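Below are two complexes that have subunit A in common, paired first with subunit B and then with subunit C.
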Partner chain A sequence: MASSILIKNEARLGLKMVAPAIGIIGLLVIYPILFNIYLSFFDVQLNGTKTFVGLDNYSDLLGNPRYYHSIGVSVIYLLGTVIGTTVLGLAAAVLMNQEFHFRNIARGLILLPYFAPVISVVFGWQFIFDPVNGIYNHVVVDVLHLTDTRENLIGNPDSALFVVILFDIWKHFPIAYLLLLAKLQSVPKDLYEAAAIDGQNAWGRFWHVTLPELKFVIATVVLLRIIWNLNRFEDVYLLAPNVETLPIFTYYQAFAGIVDQGGAAAISVIQLLVLVGLIWLYVRKVLKW
Partner chain B sequence: MQHYKSLLVASTLLVNGLAVSSLTNAATVEFWTAQTQSDRLQTIELLASTFEALNDGVTVKVVAVDENEMATQMAAAVAAGTTPQLIEVNSEIIMSLGEEGIIDTKAHQDVVSSIGKSRFHKGALTTLTSPSDEYYGLPYHGWIQGIWYRKDWFDEKGLAAPNTWENIETAAKALTDKANNQYGILVGTKQDSYTEQVFTQLALSNNANEFDAKGNLIFNSPATLETIKYYKDLAQYNPPGPQNWRARDYYLQGKMAMFFYSTYIMDDLSLAEVAKGSLSSENFAELSGGTFDPELVKNTAFAPIISHKSAASYGTLSGLVALKTKDSADTEATKNFIEFMYDPASYITFLHMAPGGMNPMLKGIAEDPAYLDDSNGVFKLYGADKMKQIVSGFDNIRSFSVVQGKTFPASGAIFAKSVIPRMIYDVTIEGKDPQAALDDAEKEMKTIIAQ
Partner chain C sequence: MSSVILRNVNKSYGNLPIVKNLNLEVKDGEFVVLVGPSGCGKSTTLRMVAGLEDITQGDIQIGDRAINDLPPHKRNIAMVFQNYALYPHMSVRENIVFGLKKSGADAQTIKRKLADVSEMLKLDDYLDRKPADLSGGQRQRVAMGRALARDADVYLFDEPLSNLDAKLRHHMRTEIARIQHQYNMTAIYVTHDQIEAMTLGDRVVVMRDGVVEQVGTPMEIYLQPTNTFVATFIGSPAMNLFEAKIEGEDLVFDKYRIPASKIANVDMHNLASHETVLVGIRPDFFEDSALSLKRSPSDNLFEFNDIEVDLVENLGFDKEIMFKLGGEDAKARLDLRSHVQRQENISLSVDLNRVLLFDTSPQGMLINAGEV
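Let's turn to the complex of A and B:
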């Protein structure tokens, strides 16, 4: 009897303790999502007047060929950047886990691209690749004479996507490196010694010891990168606004000029569903968490 | 210098005997300006402080907003209930905002009555008039666009001035030398407003339009298609990749033969002249004056009118827009501030931020001796007659949104959605078929009009 009262009291206390968190999440996450879903069925004027339009916003969107094109671009962008940053981050982490002189300085320097403000490095890249005055064309055309046509690598739609992917890998691999290095340092030395005794060479030790130990951190890195990059806007828009990933498409469609709030809401509802679906699939089927 | 200017503005106002209402209530005028450069902001801040000094209890808060972001920022502000009292932005955005029910047209009417309708350039005021004869904005300053070109290069090759389609294309081809990093022309190929401005002038010279006088969408026409194809031909003499107005720097560096630009460039060109003068003095013997060509002003000529099927001059203007506020004291202060901005002393101070680029919308200002005496000496360099000629263009400027004296605000909405720039980008950079791009653009325009 007494214990059940105790349990009840404890449960009540527990509820009280989580109530602020639930309140904040409800206000900042649940409410905007619900309001967003509500808005997606309306045509919204700037002065707040709403007209119910049913599924028009959705049918406009799904009937737009540019929407599907931007999904394709986003998939390539996601594959390129997620694989690129993870692999480069892993390589850098393994390298920086070795003993050598000035290791601490090197470890710090690797983080620089991640800390630099986006806008300043974007301008840097644009100056480098400027078709008329940039150093890239100067070196390739005037100094090395590799070709005699100047290319606008950032502007040209065929190469812009790859420049944007390269930029993202360069800018964001340090975060993958940081997370992986932290885990690497906690891998017990005797595991490697045991593997060496079993006759494994360096590659074998990496394959059979390092990778399994890192599995969950790598999975976390990949998951975070997918979430971040599916929504990544500023890097792409600032560097090459003609690379229409989903967020850029959304911007042009809904926010350029007079804001089409209903249309924008419809896009983000679909994007939310896709993101949730992707993550569910990834966590359940790939990671088997 | 700033203090001196401030004193000058203040004292001129007092001498003019301008009735300065001293409001007792505290009022705020949040003023969003599209002038984002820091030196221009300083001048606007100066005007604002002068107004504050003359009007007790009124605070003028100047906020710089990039022109391409203005519509988006406005939407966010209106949604958040933090609408500014006054904005300064181009006519296309004004017309598209006009349809959103947030503009205080009553305040505009009051200001026009107070200043006098006949003092405005007629064409300028018409551009901002709604179909139901309300003023969506008050014309404040404007520019004329045309082709600026290297007269010395043209003379050397015996080329005619770029004032017809044939002359432009011939010259662009003759003066392109990609192996030596030299380009014949600059037309906009990025998805931004510069592209639409260049395209509009060429389209108007080919009698292509968005709307007919009855308001029917007639954009998908053989004339438009022909203009797109011509535009694509010109774009092959562009610097590589998508370009916008920023590429004018290549002209200042002597790597480009001609470019579409507004009269704003007059200031830049003469600044080059000034820079050259100051750098070549004995004190800076080791400096060569950077990459500025000392002869650039002299060697630059302007072709404001392009002829094909008809002659087209194109320009656009920026206006002041008062927005609806809940507080009547704010509205009153805003109206006073607008009238203050039109007072010759403050008006000329504002226009002198970009001599030649910002041209007055009130008659008589261009002849004012104070106006013709700008501190950079731009007007002296170009001559008073040329300035008067440019300004007179505002009685009959052409654009897509005005057809036979009637305005079509939908054109502003189409502008704000960058439909035409995207069409041009698709054709010139992505290699899309012109007719297919035109069909898609027409479809988008129809969607926008239907809303």
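Let's turn to the complex of A and C:
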């Protein structure tokens, strides 16, 4: 009996302790989500007047070819960036786990792109790909003579998508690298020794020891990258506003040209559902956590 | 199976020598134990044979292959690690057959070996478990099984029992001895535990500071240690050493005169060149004179009379007593029938055939070397 009273008291105290956190999360996360869902059923004017339109926003959206196009762009963007950052991060982590001179400096330098403010590096990248003065065209056309024509890679939405992917890989692989390196350092050395004794060469040891040990960190990296990049806005918009990923499409829908906040809300509701579904599928079915 | 030959092997880290000019031949089917205090270079030596450390100087040969420049995965060796090093993401079964598969064994062989090993080490019930779900003793057996399943030229053991509790350690020690005899494998076994060294080794290599102090069968090491280091390192409690003056034909210390000529293998002429010697007597070789055990006229006994017992520890089967001899602390291990009490005066007898003499140089070399 005494212990059940104790448990009840504990539970009551626990509730009091987490209440402020729940309050803040409710205010900053739950409320906007709910309000967003609410908005998606209205035609919203800039002056604040709202007219209930039922599922019109959703049906308009599902009939809009630009929406499907942006989904396609987002899928390519996601695939490219998630795979790219994970693979490059893994390669860098394995490399930086070897012993060599000035390793600590190198380990630090790798993080630079991640620290650098987006706005400044974006201009750098735009300059690299500038059709007239950029180093890219200079190298490809004037030095290597690979083609005769100077391309405006960022100006063309199709090639700009790949520049944007490349930019994201460059900017965000350090976070994958950081997480993977931390785990790599804790892999017991004798596992590698045992694998070597069991006849595995360097590649076999990577495959049979490193990868299984990194499995969950790699999974975490992939999960984080999916969540972040499905919602990624500023990198894409600043570097190449003509690449219409879902967030960019949503932004145009909500704030540019014909302002349609209700439609934008509908997009984000769908995106939220898709994201939740994706994560659920990934965590429960792929990772079996 | 293969022999292993180490020729003038040296290992140093920078300017710090770890193993100095080591020579050793492990014969085909022989079980050799490297024993010594921590930091003596025994593990480093083993790891050089495995290829996990490179060799600064010298040659290592397995069978008739020089292996200095072969990476570990090409040496065809099996090894049991101190911390087991089981692959955490693999089941016990996968752990055991991992190396076997890589070596290109066919499915039939793999199945048979797995069955053999899991029966021998009683792993049948755990084959589908992951290492994380096993106790320390079970993990140790899996590590053992992984090595034994392999058809390796040499089996290496790096303190495989040091993480087990005393009872389990004893059990596994017996198992290893049994398996080694059954398979007649060439093995090098590193330990700091002298009991493992004595019980497992066909031959024992005692090392200190990167140098081999003695190589011999366990009984040679025990009865004829080449110097005071080996004498005191092997055997528990450690051998008693008393400094004695040489007066004519007698060794004199405290109030005792031991006739040197009655001690086994003593060259009196050689002895005369020393002023003092160290007399080494194992605690096990003292007897309580009051018990008159195993007496016969041919026995070559010396009596230490008037010994005051400082302390008696009853260990069940035998008892250890502590006393002073020539001002030094000394220990004796007596039969359980002895009735010695603390602070009692007793006499202890010693078989002079078992008494060792060492010179007083820093190495403390054995003077009366002979047949065991």
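Here is the rule we go by: the second predicted complex is superposed on the first by the 286 of 289 C-alpha atoms of A that agree within 3 Å, B and C clash if a C-alpha of one lies under 4 Å from a C-alpha of the other, contacts with A are read in each partner's own complex, and residues count from 1 in each chain.
Throughout what follows, contacts are C-beta pairs under 8 Å (C-beta built on N, C-alpha and C of every residue); 3 or more make two chains touch, one makes a residue touch a chain.
Remember, predicted model here, so these are calculated numbers, not experimental data.
**Student:** Would subunit B and subunit C fit next to each other on subunit A once aligned, or clash?
**Tutor:** Subunit B/subunit C on subunit A - fit side by side.
**Student:** Quick check for you: in the superposed arrangement, does A:P188 touch first (subunit B), second (subunit C), both or neither?
**Tutor:** So A:P188 only meets subunit C here.
**Student:** Check the residue A:T147 against both partner chains and state whether it touches subunit B (first), subunit C (second), both, or neither.
**Tutor:** Neither partner.
**Student:** Consider the C-alpha centres of subunit B and subunit C from the C-alpha centre of subunit A, and write down the angle between them to the nearest 10 degrees.
**Tutor:** Once the structures are overlaid on A, subunit A sees subunit B and subunit C at 150 degrees.
**Student:** Quick check for you: in the superposed arrangement, does A:K215 touch first (subunit B), second (subunit C), both or neither?
**Tutor:** Second partner only.
**Student:** Which partner does A:D198 reach: the first (subunit B), the second (subunit C), both, or neither?
**Tutor:** second
**Student:** Regarding the shared-chain residue A:F255, is it in contact with subunit B (first), subunit C (second), both, or neither?
**Tutor:** Once the two structures are laid over each other on A, A:F255 reaches subunit B alone.
**Student:** I want to verify the contact counts: of subunit B and subunit C, which reaches more residues of subunit A?
**Tutor:** Result: the larger residue contact count on subunit A belongs to B.
**Student:** Using only CA atoms and the superposition described at the top, report the least gap between subunit B and subunit C in Å.
**Tutor:** 51
**Student:** Which of the residues in subunit A come into contact with subunit B in the complex?
**Tutor:** Counting only subunit A, the residues touching subunit B are 43, 45-49, 60, 131-133, 148-152, 154-157, 241-242, 252, 255-259, 261.
**Student:** Hey, which residues of subunit C end up touching subunit A in the complex?
**Tutor:** 50-52, 71-73, 77-79, 81-83, 85-89, 98-99, 102-103, 146, 150
**Student:** Residues of subunit B touching subunit A in their complex?
**Tutor:** For subunit B paired with subunit A, touching residues are 71-72, 74-76, 78-79, 96-97, 100-102, 178-179, 181, 183, 190-191, 239-243, 247, 250, 253, 255, 413, 415-418, 422, 425, 429-430, 447, 451.
**Student:** What residues on subunit A touch subunit C, complex-wise?
**Tutor:** Touching subunit C from subunit A are residues 188, 190-191, 193-201, 204, 208-209, 212-213, 215.
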